[in-house]
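Take a look at the structures listed below.
There are two complexes below, and they share chain A, which is joined by chain B in the first and by chain C in the second.
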Partner chain A sequence: MAAPFVFGALLLVVLPAFLSFALAFVQYDALSPPTWRGIENFAVIFRREVFWIALRNTLVFAFSAAPLQALGALMIALLLHPERRGVRVHRAAVYLTSVLPDVAYALIWLWLLNPLYGPINLTLAWLGLPTPAWLVDPRTALASLVIVAAVRVGEGMLLLIAAWRTAPDSIYDAAQIDGADRLRTFWHITLPWLAPWLLLLLIRDLVMAIHSSLTPVILMTGGGPGYATTLLPFLMYEEAFTHLRLGEAAAMMVVVFALIGPPIGLAGWLTRRWWREDAA
Partner chain B sequence: MQRRKTPQRASGAATAVKPMQALSAPFGSTALQRIVRLWRRKRIGRLLRHVLAWSVAALYAAPLLWLLVASLQPVGQPPPRTLAWFPQGVAWSNYLEIFRVAPLGRQIGNSLLVSVAGALITLLTASWAGFAMSRLPASSRRWLVGLALLLMLIPSSAVWLPRYVLFSGMGLLDSYAALVAPALLGTRSLLALMYYWSFHRISCEIYDSASLDGAGVWALWRRIALPLARPTTLAVAVLAFTHYWSDFVDPLLFLKSTQRFTIAVGLRMLQQMDATNWPLLMAAVVVMVAPVLVLYLLLQIILDKDASLHLRSSRLWRDAPIHLQLSAGSRTKEERR
Partner chain C sequence: MIRIVGVLGIALLLSAACVALEPSSARAPEQTSVTFLISGDPADEEAYRTLVEHFMAEVPEIRVELLNIPGQGDFRRRLTADFAAGTPPDIFLINYRRYGPFAARDAIAPIDAFLAQSDVLRREDFYPQALAAFTWRGELMCMPQNMSSPVIYYNKDLFDAAGLPYPTNDWRWDDFVNVAQMLTRDLNGDGEIDQYGFGVEAALVRAAPFIWMNGGEIVDDPAAPTALALAEPASREALAWFVSLQNAHRVVPDAVAEAAESSLSRFLNGRLAMLMESRRVVPEFRRIEAFDWDVAPLPQGKEQASILHSDAFCIAAASPYREAAWRFVEFANTRVGQTILARSGRTIPSRIDLAQDPAFLDAQARPHNSRIFLDAIPTLRAFPALATWADIEGAVDAELKQAFYGQIALDDAIAAATMRSAEFFSRQE
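And now, the complex of A and B:
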């Protein structure tokens, strides 16, 4: 009964993963048959300045968005953890942001961040604060994308609340008997309990930040202004479908794999360890 | 702790002549002070949390409110340059207009087709995979669960390029088959795992007695496992449906002819047609977002009811998948502060 699942996994994930490595070494435009090109694809992309800009942007984006997202999830989980009247409404409000379709989310933010008419700048102007041009200004464009990505903490919040709930009451009772105050209880009990989950969340956010960046970049900035928000997935998309250089796009994909491979491996190793412990 | 003690000591030192006496203040007064302090601290802390929680919720709800306001702004008027919490002149006609300006009706139909097909196939494949995981011997189970966990770590958006090449080789480009293909592996392996977690809790004796009555694997799956996992089915259906409804990258890459476009790429078409016509674009966004929000809220309400009926005092409650636990709330553990 698992046949469709295994077949699907092989056909849609495992085979494509190998295929992308093969593609990285050929010249292919999706029209004529591929021809062998060796490592020339890599040499070509490494020689292009855009690639290095995109790589830098991708790293800056992922390594600022993911920690912010994890931290935000932790803070909001702390705030919305206790069961109280109305807490479901709060959680739902936070969570709904994360279930919005990516397209809708990007377009909503495009409106919110509109430099002239957008509600955010109107609010800032009303408060007498400076009103940056957000996505239009090359200095703030990437930061704006980071904010847009980091605000979505719904799943992380739910994960942390659920993980917190698995902590046994007894250690909290013991802490209370020992007279630990709230801060110490948090620092010595809650945080260590949540630490593995936080780490997994961070790694997941890191990987997802890179991969889910394509939609917002396409819809909100188109990689601009200049190359300020050109991230690797967007550059790959451009290479493959605008310039029909699938081989070079695949070479970039291999670079992305090399970037996210170690964190994925680490996450896999960690979950397997914990899975074992749980099963035992 | 340290800080709170200082004022007491300071006031004692100021009034008392003998320092020793000051430090050991009258027993009654400190106790009273402490009670007052506790009362105040708790009340203020609680109030602060409440205010913070509501402001976070409001902050997250604000974009949706602004979305609605923007979608009701009359077209053709210059947008207001001051902050508007209510639209100036409500133009419900925007919602009719978008269906005339863009082929939104057809796109919604296409999206519905893809999403319903995807969700139905997902229900089959995910529940089969979950059932297999729960019934297989430990060695092959570990292998299968490991595969599912591994797949969870590799986002499907990581492999769109080779998938494109693969689909073009199979002649699946510009067809809905390319969009629905991920349903083969249960859309996201999380969904198969959700089934596994809920089937896992069904005791073997039920299966054994049914097998004695001559029920085969398929009968066990359909007559016993599925009915017992109804909340999971509901959650999986909603998650799968919204996945296909929201999917943007796949239709962007795999669809060529505009009449096959789903609403996700339709929104981009609308954006490219007239990037400055915010009211219409936002109205279209509302149309796309509404079903997703309604489905999630419905799911939460239904699972709430179901959970309070069946799962509340369950011993295995903690093993329930996160989605179920969270939507059901944690009534099992009250107030840990």
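And now, the complex of A and C:
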């Protein structure tokens, strides 16, 4: 049953990924045949200051956005877990942030964050609070992108609510009989129950934040002001398709893979371990 | 039975539809089809579509498929992807600042031989500045379609309201700053500027004319550049004047105001008095009804100078239909072809004889002062022809923008741009 999916993944993901690894060691401009270049592509990108700026920005972005996103998902899940009147509408509204196409999501935020006419700054000004220039100011541009990524919690919320449902009612009944208040129930029962899911969610969000920031950067900042929001995927894209240096872009991709490989490995290892414990 | 009839009916309908959809294939089975890629707004696309239709009426055996990718960045990426896939467009229209990477990799078929054999086009008919911009290592690579240079578009109504005379053709930098200051106004007294005197993109392509006017250079040796020369006193002085328009004189919207609403949009809405732009905005500006506008030359410095803008038709070396592609390029540059495009307002013909033609110098159509585009031609200079020029320009623009908006000091910007662009001067592909 999985055969079509496996075939598709091989053809569209695994094979191009392997080809990209090979590209990292050649000089290739898409117009003439590739020529062997060894590790020179890596030497070139490591000498380039902008690469290190992009690497730093990527790590700052991912390690800020992912924990905030996981935390946000947890808080929303706590809020929207109990079955109440209208809770489904609220869940749908939160989940909408995750099903919106990236392009639409980025354009909506571009409007929300408009420094003069955007609803966020209009509200802040109305409340008499300072109005940051968001994407325009080099000091707040990357933080703005973090906010945009962090509030996309629909998927995480759904996952955590589903995970919560697997907790047997009996332990909550027992806690109630023992007289545990809501905070203690959360701290001693719910949080430990959700911990593995939260950890997986955090790892997944981290991996996503490292490698899939291209759309918001292209549409919202173009990497600027200066290089304040130049993240690795954007730099790779520019390198490959604007400047025709596919070899150097592939070398950067290898660096990105080195960043996301360990967390993916960790996630796989953890899942296998838990699954085995469950089975045992 | 009913099902069989139904199926037969559908099959009949489908075949009828096929016939109806492809009448041309039945008429001319030997027809050659070539693709033509451009990047423009709807007004551009309309002008090129008219050109294509005229050509196909004249030469029915060649079918031209027009493809428009709006947005210069998307256009270049699409072009690259098409070349990489081995299916480049037969013909594409590209700016001289961006064709270098393709020329350097032999992806463009030189057109010297085609032009030499042409009965209708002669090399001498074209402006030498445009031909030079598309000459790569001694060979003419593409056929220049147009040429222009940046000018100052100004809102006449705002000048009238301020009681200011319209700009003259010999105004100078100081006059310009004075006028811009008088046109930058807080109209409702709330402490916020509602009307700006000037709008300009904070980019090297806009600052370059002022650097040259001041006797400065952008690179150390324009013929064989090895480094940026923006730190040289004359260049730096011009750049300092350019960025001071925003960060000292405040006649240009600041970073926040520009992000909130672009200068172009402000001009269109009658809230920005002067805008530095090339010829490309004319079709859109001709639709302005709320106010009257015209063009003025760039304010003068120590010397006369401006920067060339030019697009040309290039033929892909990998195209199997180079002959057919040339026939279209040839037609596009005849009197008929160039007149169609000039009438749209978008372009200034690359042909010397046609630039004086009423289709371009139409007294009825705005801008009335179109002649200044022609007057600037002898003073036009071009960026160096390097395959890595886009990298160099990108490195400068990233820093210049921050200096322009007062986020970093100009000297730091020049130093950073010089350092980051260094590798792209040394690596010539």
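The rule is short, and it goes like this: the second predicted complex is superposed on the first by the 271 of 280 C-alpha atoms of A that agree within 3 Å, B and C clash if a C-alpha of one lies under 4 Å from a C-alpha of the other, contacts with A are read in each partner's own complex, and residues count from 1 in each chain.
The rule is simple: a residue touches a chain if its C-beta (ideal position, glycine included) is under 8 Å from a C-beta of that chain, and two chains touch if they have at least 3 such contacts.
In this text the structure is predicted, and so the values were computed from the model without any measurement.
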| item | value |
| --- | --- |
| Which superposed partner A:Leu12 touches (first chain B, second chain C, both, neither) | first |
| First, second, both or neither for A:Pro225, with chain B first and chain C second | second |
| Partner chain(s) touched by A:Ala133 [first = chain B, second = chain C, both, neither] | second |
| First, second, both or neither for A:Tyr117, with chain B first and chain C second | both |
| Contacts of A:Gly86 with chain B and chain C, given as first, second, both or neither | first |
| Chain touching more of chain A, residue-wise (chain B, chain C) | B |
| Which superposed partner A:Leu270 touches (first chain B, second chain C, both, neither) | neither |
| First (chain B), second (chain C), both or neither touched by A:Phe241 | both |
| Which of chain B and chain C A:Ile53 touches, first, second, both or neither | neither |
| Contact residues of chain A, present in both the chain B and the chain C interface | 30, 114, 116-117, 241 |
| Chain A to chain B touching residues, read off their complex | 1-9, 11-13, 15-17, 19-20, 23, 28, 30, 76, 79-84, 86-97, 99-104, 107-109, 111-112, 114, 116-117, 119, 122-123, 126, 158-159, 161-162, 165-166, 169, 172, 181-182, 204, 207-208, 211-212, 214-215, 218-219, 233, 236, 240-241, 246, 249-250, 253, 256-257, 260, 264, 267-268, 271-272, 275 |
| Chain A residues within the chain C interface of the complex | 29-32, 44, 47-50, 114-117, 133, 135-138, 223-227, 241-244 |
| In the complex with chain A, residue positions of chain B that touch it | 1, 49-50, 52-54, 56-58, 60-64, 66-67, 70, 79-84, 124-126, 128-129, 131-133, 136, 144-151, 153-159, 161-166, 168, 181-186, 189, 192, 217, 221, 242, 245-246, 248-249, 252-253, 264, 267-268, 271, 278, 281-282, 285, 288-289, 292-293, 296-297, 300, 318, 322-323, 325-326, 329-331, 333-337 |
| Residue ranges of chain C touching chain A (in the complex, touch as defined) | 73, 76-77, 80-81, 83-84, 101-102, 105-107, 255-257, 259-261, 388, 390-391, 398-399, 401-402, 405, 407-408, 419-420, 423, 429 |
